[in-house]
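To keep things simple, chains are lettered A, B, C and D as they appear, and every chain counts its residues starting from 1.
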Amino acid sequence: MSAATELPGLTATALQVVAVVAGAPFVVGGMRQVRARLEGRAGGGIGQPWRDLRKQLRKQQITPAGTTVVFGFAPAVVAGTTLLIAAILPLIALGSPLDSAADLFGVVGLLFLGTVALTLAGLDTGTAFGGMGSSREITIAALVEPTILLAVFALSVPGHSANLAAIVSATADHPGQLVSPGSLLAFVALAIVIIAETGRLPVDNPSTHLELTMIHEAMILEYAGPKLALVEWASGMRLTVLLGLVANLFLPWGVAGAHPSVLAVLIGLVAISAKVAVLAGVLATGEVFIAKLRYFRIPELLAGSFLLALLAVTASYFFATPT
Amino acid sequence: MSWIGKIGRVGRIVEPASDPPEERVAPPTGVCGSLQLRHVDAGSCNGCELEITGAFSSVYDAERFGARVVASPRHADGLIATGVVTRNMHQPLLNTLKAVPEPRVVIAVGDCACNGGVFAQGYGVVGSVADVIPVDVQVPGCPPTPQQIITALRTVTGR
Amino acid sequence: MTQATYNGVLNLAAGAFLLAAVLIVWRRELRSIVVLLAWQGLALAAIPVTEGIYHHDAALVIVGVVVLVLRAVILPLLLVRAVGTEPHERRESTPLVNTTTSLLITAALTVLAYAVTRPIIALDPSPATRAVPAAFAVILIAVFVMVSRRRALSQAVGFMMLDNGIAATAFLITAGVPLIVELGASLDVTFAVLVLGLLTGYMRATFGGTDLDQLRELRG
Amino acid sequence: MTTALDDSPTVPAPDQGLTAARQARGQAVLSGGVTAALGVVGVAFGLSAVFGQSWHLRIGWLLPLVGVVFDLGPLGGFFVAATGGVSIAVGIYAVGYAQREHWAAFTLVMLPLFVAAMLLVPAAGSVTTFLLAWELMAGASLVLVLSEHRREAVRSAGVFYAVMTQLGFVAILLALVVLSAAGGGDAFATISAHSGAVSAGTRTAVFLLTLMGFGSKAGLLPLHAWLPRAHPEAPSPVSALMSAAMVNMGIYGLIRIDQQILGPGPNWWGLTLMVFGALSAVFGVLQASVATDLKRLLAYSTTENMGLITLALGAAALLSSYGAHQVAAMAMTAALLLILSHAAFKTLAFLAAGSVLASTGLRDLDKLGGLARRMPGTTVMFGIAALGASGLPLGAGFVGEWLLLQSLIHSPHNNNTLLALMMPLSVGAVALTTGLGIAAMVKAFGVGFLARPRSAAAEAAAEAPVSMLAGMTLGAAACAVFAVAPVALSPVLRQVLAALPTVGGNEAGPALGGYLRLPGIPGSMSPGLIAAALVIAVLVALGLGRWGWRRRPVAAAAALWACGADSLSSKMQYTATSFAEPLQRVFDNVLQPETDVEVTHFAESQYLVEKVTYRTTLADPVERRLYTPVVRAVTTWAQWVRRAHPGSVHLYLAYGALGLLVVLVISR
């Protein structure tokens, strides 16, 4: 294909990345705002995370004694993997130039690469809390992996491929598959593991001040200024990207085609923003009603989601409706 | 489900915001509308702690002005110190201030923090917070009301 | 209704049916277990109603409505009444098998159900029979619940799940059972639940709890 | 022999110190050089054999009756090349290691012998030769394991290893004897020619016996127990050779005998392989994730990887028995890729662990830490190895595991219960293995190399000498190639696949181009492109982080945040034990740890705690459940046998006579 036809795909991808980078803080702010309103407060406003980021980016950078390059580069790696995922996923348009370079397994791998980078940074500080957070985070990650891969499996059965564009377009072509038990179970399982992986309630409390209850926060206690900004930004982007992934896997409407027109790209942008906003709102609303789970009850939750994913696979195998 | 109904019935309980105070401390660069604070109890009677808790509660909601209390001083833009500085808390207070990245503010809350209050010249007391570290904002009162604390915070956040 | 929607709704009902069973294994609060049971009754009722509408069979629809009223409304209400008034009765005190293990066992049972019902599907691969494994899995899970729970009430729930599963299998394999049979079965269950309610009441009066382990002390 | 064993590894007296040192240096260079040279030869022969140049050699006089037959085909060539590659790295590394550790001359001699034996095993063209080479390999490795025989742990490990490897040899011996009897010949070629005539019963017997024998060599459950004992106790270069090259011989045997010679078997063969593979993978990685001994952790990770490879082999066999040749080819490619990548990163990991051991004398992760600043080179090397072992993108193991998963999820399942049940479960097993593998490797790298030293020995660590680093660099380069450009391997893999009857023809395999494309399935992946894109993305992220840097105050270094206290002691860090404690709790009923907590109170008041001692021991449950009873039974039986040995010559003569009589009567 010539550069002329290739261009829209690239622009759409670039727009995707820019949208995630710019939008992630707003997603976080929106969720905080929803929570504040439900608690009867006024809240800091949707733009608050952006203000925090801007301020952190202008603050002094502190290198704790005895930390190595691992600690220094972990934030960039987390953010980088997330940006790459944002470039791969079909959020706005299908034809990402990286689409054939990494399928859903690759995306999961990149996600875990970011997690591992941050865990190593937590261990690198050599503080008690850092190690504690890393240990907890890696344990949850290890237990999340089976569920997430089985969910991928279940999703890849209808489209006969783990390639993202293939899955999305397959769902878009046969919306009937959405009401099949397989995809419903897969949706629930995926939702649980995404909550666990992004450190939301009931697995982790993102707004806790008590180190002993922390998981994600405990790993980044030593970060200050710009590096902290990068970490916070990255975790916001992770959440955004994963919400977008779920949205387009199960509601693949409004996604532009491989070689879209400008209008289609705009529609795609609006659509994904709306979907992510709705999902984030639902997530935040749900979080108001639940408390953090005891750490050693989390395996129950993950075992349950594993079971759901397994059922999803078997269901999508056996319920295979003659089409 | 009944919870949602309850939320609907309760509605907004936050006090209406008064218009921002005129006089401003020179805010740390970049700190416009966003202020993370690490709280240090240098030897307080916990009266000020209760009021601070109130200031960040649903009723006064300091968060709407961009102020937040964080766990790690590395994440903070400054300290919110309460109580007279006791001998045992002298060094920890200095350590905590050292751990806060520049630029940083120090907000002393309560009479004890400002001038020693009733504990001044106590045998276990080093002095007021201002005697130990440079203080940018002082919130008098024993204890100060949440409203006063929020006003002080707003002089820094500028919202 | 078209073939596609029929497939979709039937699969959905079967899936929800199975999901409810899984969640019943997962949850511990007796009250939420009962609520889940009501949802399962709803899913169960959806099956004959769908088939009735699709095959234009009025009797099936009526059966479905009866099932709906009985299993989604009356029996859960009875059970809710039976749920103890004192707070420590509200939760299933630690089950004999811990939750994680029982979830994994449930997975194994489901897979087993799918495996053993292959011949039935192969016999006549219609959408209805293709949903049979779910129903069969619910039967197995129900047995497991009855085995692994302590409280008399959650055992009653298990018993009713068992009956739901049998009914669902019947609906799916034979295009619906006669109205009178269904009524008889449902009445049996109703009486069973009433009796259980009474029993639990007496047990609570006698032992101050319905932990079935304490029944061992009845041995002379 | 005795002189060699008595040759004590102590620093010689100062007067002839120089000459002795020079002599030791010369010996080390010689031994390492020969090893590396053997490796080069192996790679050369192996590759040439892979690309169709088949080597055939018969030495009649070396063995009576049958002679020694060497016949190197593509499959054998693949394994010879892999072994050779490992040997090159180990040989170079050994030059420095042997001097540093003052290896005995005997060990120096045995190292090249061991490599030679391993190179001969896949080259063997007849049953007798195979058994000869196999026994040579086993013996050499045993002697090398015992090279630090003065430590009690080494001796017990040696005994354990000797018994298990010999039992495995017996199983293989029986299997091959039966096979050659049924196949009507000693040469593999003849047997595979007549393999159609072999009866089903014989095939089953051969399969089960080989599964036992080769499985024990590959460290599959439940015959894995020698691995976590022998590998930690052996000198690290030897551990690398054993763990990266020797275990592969078990896999080679499984492919060669059961799939190439016996041809495609019934589908329960594949099923059995898958089940044992999955069990070994999950169990191995579980033990690795709670292990605190660095080399023991790596040994268990070997069990895990061999399990994954066996799982892939089984999937290939099962799928091809259902006629899904393309997917089967994918699974087989995954197996081959995993073999190569495992060889690469496991060599590197053991060598890095070896230089840590040499410099600190520590294997216990709970005492290590802070090596990143003291041994930067080694740390980077181990990091690359750990990344490869964790199966993440940019790691050596990623491509193989990706292919394995793809082959599992794309297996045709319609109207086939077995596949429809087997595949999701195996995907779950593989996924759990990957997840726990990540945890284990993060623990090994993060606790062992990052953070602050947890003991004086770790505090005093120093970087390894150049030759050791050079050896490791080779391994690291291999890891990088497998991780980023598996395209380099595609011609080799295509040749090997073509030589395997069970998976379809030449074109069936997945195309390992710059893009990794699956045959007939919309699915592709490009590790190189991912790597490049990730680098760009990280740079972009760094750019985001520099936003507004002009307005910042100058960056500063500060002490760790100690919650207001003055300093953190390194005792406050998380150790490997505490790091793995949540996992140990979650998998409590699988691992069955024995923990006991003693709380001693002050004499004055029982409310004041003086000290708390927490002790937890993680014995291998399989070992405890399975091996202990067997060993007990054997010992009791041995007691009975001893009764028959009163030591009187006449009685022994009588035994002989009786035996002769019996034989005569029977053979009448």
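Here is the rule we go by: a residue touches a chain if its C-beta (ideal position, glycine included) is under 8 Å from a C-beta of that chain, and two chains touch if they have at least 3 such contacts.
Computed from a predicted model, the values in this text were never measured in an experiment.
Q: Which of the two pairs, A-D or A-B, is linked by more C-beta contacts?
A: When A-B is set beside A-D, the one with more contacts is A-D.
Q: Can you name the chain whose C-alpha mean lies closest to the mean of all the C-alpha atoms?
A: It is chain A that sits nearest the middle.
Q: Once you find the CA centre of chain B and the CA centre of chain C, what distance in Å lies between them?
A: That gives a centre separation of 56 Å.
Q: Could you please state the distance in Å, as a whole number, between where the Cα atoms of chain A are centred and where those of chain B are centred?
A: About 34 Å separates the centre of chain A from that of chain B.
Q: What whole-number Å value describes the gap between the mean CA coordinates of chain C and chain D?
A: Distance between chain centres: 50 Å.
Q: Could you check chain A for residues that touch two or more other chains and list them?
A: 54, 57-62, 221-222, 225, 299, 306, 310, 314, 317-318
Q: Listing for chain B: what residues touch at least two other chains?
A: 29-30, 72, 74, 101-103
Q: If you look at chain D, which of its residues touch at least two other chains?
A: 420-421, 424, 548, 551, 553, 556, 558-559, 561-562
Q: Throw together a list of every chain pair that touches.
A: After working through each pair, the chains in contact turn out to be A-B, A-C, A-D, B-D, C-D.
Q: Can you list the chain A residues touching chain C in their complex?
A: 176, 179-182, 184-185, 299-300, 303-304, 306-308, 310-311, 314-315, 317-319, 321-322
Q: Help me check something: in the complex, which residues belonging to chain B touch chain A?
A: My answer: residues 3, 7, 10-14, 17, 29-34, 36, 58, 61, 63-66, 68-72, 74-75, 77, 101-103.
Q: What part of chain B is in contact with chain D in the complex they form?
A: Touch residues, chain B against chain D: 29-30, 40, 72-74, 91-93, 95-96, 98-99, 101-103.
Q: Tell me, which parts of chain A touch chain B in their complex?
A: Per the stated touch rule, the residues are 36-45, 48, 51-52, 54-55, 57-62, 208-211, 214, 217, 221-225, 228, 288-289.
Q: Which residues of chain C touch chain D in their complex?
A: Within the complex, chain C contacts chain D at residues 101, 111, 114-115, 118, 122.
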